[in-house]
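First subunit A sits with subunit B, and in the next complex the same chain sits with subunit C.
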Partner chain A sequence: MLTQQIINGLMLGAIYMLVAVAFTLAIGVLNFLNFSIPGLFMLGGVATFGFLKMGWPFLLAAAGALFIAALVSLLVERLAYRRMKEGDADVPLVSSLGFLVLLENLVLIRYGSDQQAFPALFPDMNLRVGGLVIGIVQLVSMAISLGLVAWLSWFLRTTNAGRRIRTVAENRETAMLMGINIERLVPQLFVCSALLAALAGLLFAINYQQVTPFMGEGIGFKAVAAMIIGGMGSIWGAVIGGLLIGLAEVLSVSFIGADVVNITVYGLLLVILILRPQGLLGRPPAREKL
Partner chain B sequence: MSGYLTGVLVVLAFNVMAAYAVYLPMAAGQLNLGIAGFMAVGAYAAAYLTNEMMWPMWMAIPIGSAAAGLVGILIGIPVLRTHGIYLALATFALGQVIAAIFLNLEVVGGAAGYPVTEFASPYVVFAAAIGVTLFMVLLSRTRYALYLTAVKSDPTVADLMGISVRGIQVSAFALGAAVAGFGGAFYAHHYNFIEAQHFSVLLSVYTVLYVLFGGTQTVWGPLVGAAFFTLVPELLRASEQWRYALFAMFIIVFMALRPQGLITASLFRIFRRRPKAAAGTEAQGKGASA
Partner chain C sequence: MALLEVSAIEVNYGRVTALSGVDLTVNEGEIVTVLGANGAGKSTLLRAILGAVPLKAGGIRFSGADITRAPTHSRIASGLVLVPEGRRILISLSVEENLQLGAHMRTDTTRVKAEIDAIYQRFPNLAERRHMLASCLSGGEQQMLAIGRAMLAKPRLMMLDEPSLGLSPLFVSKLFDLIKELNRDGLSILLVEQNTGKALGVAHQATVLELGRVVMAGDPKALAADPRLQQAYLGEGTPSH
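What follows is the complex of A and B.
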């Protein structure tokens, strides 16, 4: 029973992990708490659902949804992030929230506020290991998430492009002086973070077979908590934070009750912020964020 | 006054109180994303006092407000060790935890909600909102407002000038919490019913949106922002479905064009006629006193 719950928690945690990595890219490199990410997460699930309903094959529908999320993210970059330099640092936060509200309401207009059943794409296969039930689909999506994050970490550490991104994260002005083309790098990062969020939404829709216009909010906010717990700007921190939050959520649902989820998850966040603001794996903040 | 108009104005009054609760800490450089939690503390504390202790409303509401302020002090002291985005997320977590605690507190109805017996008429609510606004305007004329600006602009210099930075920060945080509790207590007694789900993240986030939209440079910004956000969606009722989508689009475009908010200090300078003459009389007054 406990092992089964731990497995379920890790599966859910893998979704949080992807969204938390999307947040951590935006915050660690761009210093921008991008509240449109929950909207992009939702778009990943809902747009795939919409395309499937139009009769598109699955792979095409998924690619279409990821493409739309990337386009929207470029719009966020243009309209919200670029304005950061001029005004108050809180401004991009407000406009990115505007994007979240906009996306949710556009989807609401198109599909209504009811929960829609996402079609079961793959035959319901389960692995049974000594009384434990592990869904193959869940296992595959967890492998995809972990693989992607591991690749991203490798990419940032070893490739030239990764070094450029880390330079910008370290110090924007210096990066500019070193001849890094920030104007080109920033939109690429926005696309990257949008793809991660939308992929997480897609995996969520496949695993839990449901989509709603508001599915991004709860997951997105918990992913923010996961990112902070692990350490802002650290990819492996986001992984640990995401898995921890997934575990905490599933375990408190099954052992205490569904109503206490927010107390455990956000209580954990609050305790971490007071005791160790830089998170489990983060470095102490060298400069002011936001 | 028609019932509809009264209803809209009551919502406006609550939004104005909430906006000032966000504005006060923001004037000291703190982004409080958990204001709904403090509203819940005020609302539940005051409702408990009138319901179970048979206190009169005019005593219960200030005590509810003080309870929220006290929670603000107790939590502000550890939480204000963090700043910037860490503080914003700590308050965000705090709001979630407080709402979740009330959701599980059976003494005040738990998830079923809590009916309140005493009724505050719309005019009482208007008077409270006007009172909060006047208090904020008066406060903005005192040295305290100057200290807040100093702490926001540069804590190090403020410290060197002999201002107790920690004291100012905690007091601004707690005072904002008390104002939020004040509004929440009136909310409980006007609608005669409270439920923990009402005091959600979105309530906090929308309130921050009002303030940033109105502009944080002057004391009038929150008032204008709250009025705009309450009244304009009502005018957009013509296209029911598109209301929020249009509204969100408007926020995005507006923040891109005018990131400093609607009401700014320079706006007042344009409208103030003959600034030189005013400066002249001030100088005369100083000469006379010397």
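What follows is the complex of A and C.
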């Protein structure tokens, strides 16, 4: 029973993890708490749902949804981030929140506020190991999520593009003086973080077979909590934070009760922040040294 | 042959004129030094040449091409490279990653690896700490790293902004030896310095800026003997700062 719940928790955690990584890219490199990310998560699920309803095959519907999320993210960059970046850092945060509300309400107009049933796309195959039941679809989703994040971490650590991104994260002006084309790199990062969020939304829809216009909100806030628990700007921190929150949520539902989920999750956040204010893998704020 | 030609450039910061009517030429294989007190516009001149601040007027040619409107990254790709003031080492990257960053636009990875090894041979201190964060280096080592990083960008003209600032006398001598050595290997250098004596000692041409204008230019030996420069920058008579 406990092992089963741990497996379920890790699978939910993998979804939080993807969204947390999307957030951590935006805040770590662009210093931008991008609240359109929960909206892009929702688009990943809802747009796939819409395309499937139009009769598109699954892969095309999924690709279409990711494409739309990337486009919307470029719009957020153009309209919310680029125009405001000279000013107060809180301004793009609020305007990105505006995008979240806009996206939710556009979907609300199209599909209504009710929960829609996302079709079961794959035959319900399970692995039975001992007394455990592991869904193949869940397992594949988790493998995709972890593989993608591991690849991203490798990419940031070892490629020229990764070093460019880390340089922009540390100091934008130095990056410019080193010949890094920031005007091109920033939109690329927005696309990257949109794809992570939308993929998470798609995996959520497939695994839990439901979409609603507001599905991004709860997940989004827990992903922000996961990012903070792990340490802002740290990819592996987001991974650990995401999995921890997934576990805490599932375990508290099954052992304490569904109505204490938020208390457990945000209580965990609080405790970790008291014990380790920079997050589990976060570094204490680095100072510029001459 | 002129490698870099700056003609009559003007740069404003808001209403303040930072540079006005500045001309400067660096010929292939030369060391040119730009001198002047704090706030004379020396760093602004280097930033303008790199395209990091916009020009109000004037033009810049590099290696025969008009680069007045070229973006910074394409100027650097064409071999115009800056070692910025304060070195601007990336402290969240390792020593080696800082070097690799210098080559971030290059695709000839095997050449880059060989050049990084050559830099380690030249600066054994960097080799020892290659996998440590660059923040663990001393000021002098950071300056060597900044120059190494710039060398990996395949410069044809290396611009150095106050490289001796904050270094111990020993490192200052090492630095100027290195500058001479790089120049002997064929690199053209544009050197902004507060250490007037050392800079005039290595330069083939010198230019003195004052409040954003060129007030003296020419042969460094003649300038070194000029009483006006003596008075303003060599500390004989009234120091200017």
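Details
Operating definition for what follows: the second predicted complex is superposed on the first by the 285 of 290 C-alpha atoms of A that agree within 3 Å, B and C clash if a C-alpha of one lies under 4 Å from a C-alpha of the other, contacts with A are read in each partner's own complex, and residues count from 1 in each chain.
Note that in this section contacts are C-beta pairs under 8 Å (C-beta built on N, C-alpha and C of every residue); 3 or more make two chains touch, one makes a residue touch a chain.
Everything quoted here is computed from the prediction, not taken from an experiment.
Ranked by how many residues of subunit A each touches, subunit B and subunit C are led by B. In the superposition on chain A, contact of A:Gly179 is made with subunit C only, not with subunit B. Of the two partner chains placed by the overlay, neither subunit B nor subunit C lies in contact with A:Leu74.
In the superposition on chain A, contact is made by A:Ile263 with subunit B only, not with subunit C.
By the touch criterion stated above, A:Leu273 is placed in contact with subunit B alone, subunit C being left untouched. Of the two partner chains placed by the overlay, only subunit C lies in contact with A:Arg164; subunit B stays clear of it. Judged by the document's definition of touching, subunit A residues 288-290 lie at the interface with subunit B and also at the interface with subunit C. Listing the residues of subunit A that touch subunit C in their complex gives 160, 163-164, 166-167, 169-171, 173-174, 176-181, 286, 288-290. By the touch criterion given at the top, residues 31, 78-79, 81-86, 88-90, 92-94, 96-97, 99-101, 103-104, 110-111, 201-202, 205, 208-209, 212-213, 216, 241-242, 244-245, 247-249, 251-253, 255-256, 259-261 of subunit B touch subunit A in their complex. Against subunit B, the residues of subunit A that register as touching in their complex are 27, 33, 79-80, 83, 86-88, 90-91, 93-95, 97-99, 101-102, 105-106, 108-109, 217, 221, 224-225, 228, 232, 259-263, 265-267, 269-270, 273-274, 277, 285, 288-290.
Across the complex, subunit C meets subunit A through its residues 50, 52, 71-73, 75-77, 82, 84, 86-93, 97, 100-105, 135, 139, 149, 153, 166.
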